């Protein structure tokens, strides 16, 4: 187990380094003077000179890179030419919004996804399975943002039940927070729910056909016991992997959802940055996203190894 | 049933196998429905010039925001453009992105996957590269590309294509690893086949099944991806019509012209649903483990 | 005392490629404390027969015939309690994410309501019974931590936990090394002696049959074609197929002259009940009668029950 953990951490480190290199070079790939890119379109020579100094733009690339990484590691992601505020600070304010949204969405997705998946697997060839399959299929075929638009149309405009935009933190006012986040969370989680449902169903079907399920039945165990005690347990491993893999999609989804529901989160920040040509912000956002993604994946992998005893405890004659 | 686990011998893909797969697909009514709709969509996209009742950019200030009617089946938008025609042309962009992005991801992903699966020492290298690529979620990647290349249809195609590369590599690599140890490969090696011939003529054709399955998932995703990018303004730019752009316009007028949001969305849903049904049908037909109980 | 009575068991499967008749009116008995071997090539229907006893077949199977355990039809409750199974592949037949102790404990809990410390004690007892060293340590281990032979012993422990009347062993040693095989067979023998379980042993390995069985039932293409005591069967095989099976076992003395003998052709897949002897197209001695009329299971020249129009008379050695 120790070796596995070490190996994974090493791999993640390498990936992280590569990712930072990509981000670093990305900005440099823009046409024009890097100084101007980082300082903003209309900057005076003094600012430009200062930027050159800070980022060491007259130094050779590798040196620039090291400097960039050093600064990033200490939390200095530069300053936004648009707002004048430090990038890291702005991101720091936007993250909690997105995190609350994401947490809510994931919870909904897991509850619905696993529930529907188990039902579909167990009630094969019966109406419940077709129903669940149809819903999952729709979940995959409907674009998030359109679903969001329809939801807004029906639940906020046609019958004003929920607010169409705005954010309230759960720590300030749980009820209002719930009202504001419900639609976005459902919209964001729907895609993930569909995927979880499909994978759960598929994994459960495989599990139910497996030899050890036959053994369980031969032992005289009843239906529910077989489904939950044996088949589902093994399928959960798959589900965790899926959720880990879908994190990227979730982040993408958050960008769109926040735009649609006007939530001042990380995603909206990203889009705004592109349209205002706020390159330090773009760079910061991309870097934070990539780092978070790599770290979360590492965490999921290690969690996976804890849950699956085959990885946790080394095998004898495998 | 019987406890003896029979290993399925690797029979190199033959014409009869393809025919059997095709027959299985056609036996599945949902898949057939999907196939019909997809073909209809592609035809419409190809023949847009002939099918669309109005040119997509024909502005008509005397008929702004008209709900669906006899003359404008999908209604009009804020400057009087016929929504149906725009949707038809928008389909074109969707189809183009769906196909081209997959072609892009395959042309880069497959070679890397083959190499990674075949040459053990290359595997970690390719894995790190794909992990790096994966570290950038799709929209973040698209944002970066849009910043560098400027928003356009080609940017969308490139962004979506690149985002799919890791999946293609993973599938190809998996198949290569699996096939590499099979008897027919050993036989070919014994017959003196070089690496390149092995990969091209033995391994690749047998990996195609898995890649088809991958494509059936990727194409609908690509279409939705294009819509998302255009919606956010990172993809197709006006005046080029795209279903995503139409939905973005709809956002502004959602109270006065709700149909503007409904129809383009429904078009996307129908298309991706059909693709997913077809894809499911293909997947079921290709999977030898399918038990008909 | 007859423990298990199987009469005219017929199993049909509905498959994508058409119907399959896996078992065709098979009948045989197992007496208390008896080890009966169900023998035949792959695909002859022996495993299907075994699974049919407690309804473990998939949903596309239809089963007809009379199965009686101790005079009455086995209920769902009988699974694990009166009839227990061990399967061929211990690795995939055990749940990889549950400990050994937990999996054996499940059976005890279900049928005897044992939990906690009492359950643990009994599980360790069972592990000892099947000859697993350091049983208290094995209790908390996972299947992949054990060797193939030990996993199979665990399966056996699970199976005999509730002292079943009948143990159905489906190719228990096929996936194991020959040296490990002997150990497993010893365990089965001991169990028969200590607990008094009858064993229905399914195998295609005649060596195992000779080692452990009391009686042998030979199946071919879904039909029972010969039944006899083990010594009698080996000494005087009456059905040409049985003869062929025995001849096919490599034996330096007998095969010194030339190659191994095999039965030409392959076991057919039977789709509909046929009115002929299903072995006729591979049989050395087949004639028109064989190809047109289904032979009945009846006592043959050596006293065995045999299904053949031309059962072999004494000694066709070297034919």
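Think of it as A, B and C in the order they're written, each chain with its own count starting at 1.
Quick note on the criterion: contacts are C-beta pairs under 8 Å (C-beta built on N, C-alpha and C of every residue); 3 or more make two chains touch, one makes a residue touch a chain.
This one's a predicted model, so the numbers in the text were calculated from it and none came from an experiment.
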Relative to subunit A, chain with the most remote C-alpha centre: C
Leading chain pair when contacts are tallied as C-beta pairs: A-B
Chain centre separation in whole Å, for subunit B relative to subunit A (CA means): 22
Distance between the centres, which are taken as Cα means, of subunit C and subunit B, whole angstrom: 51
Subunit B, residues touching no fewer than two other chains: 291
Residues of subunit C whose C-beta touches two or more other chains: 87, 89
Residues of subunit A that touch subunit C when the two form their complex: 210-212, 214-222, 225, 229-230, 233-234, 237, 308-310, 313-318
Touching residues (chain side subunit A, partner subunit B) in the complex: 11, 14-16, 18-19, 22, 26, 29-30, 137-138, 140-146, 149-150, 152-153, 157, 209, 247-249, 251-252, 255-256, 259-260, 267, 270-271, 273-275, 277, 279, 282, 285-286, 289-290, 293-294
Residues of subunit B touching subunit A in the complex: 127-129, 131-132, 134-140, 143-144, 146-148, 220, 224, 227-228, 231-234, 247, 250-251, 254-255, 258, 261-262, 264-265, 268-269, 272-273, 275-277, 280, 291
Contact footprint of subunit A on subunit C as seen in their complex: 54, 56, 76-81, 84-85, 87, 89, 92-98, 106-107, 110-111, 141-142, 144-148, 155, 158
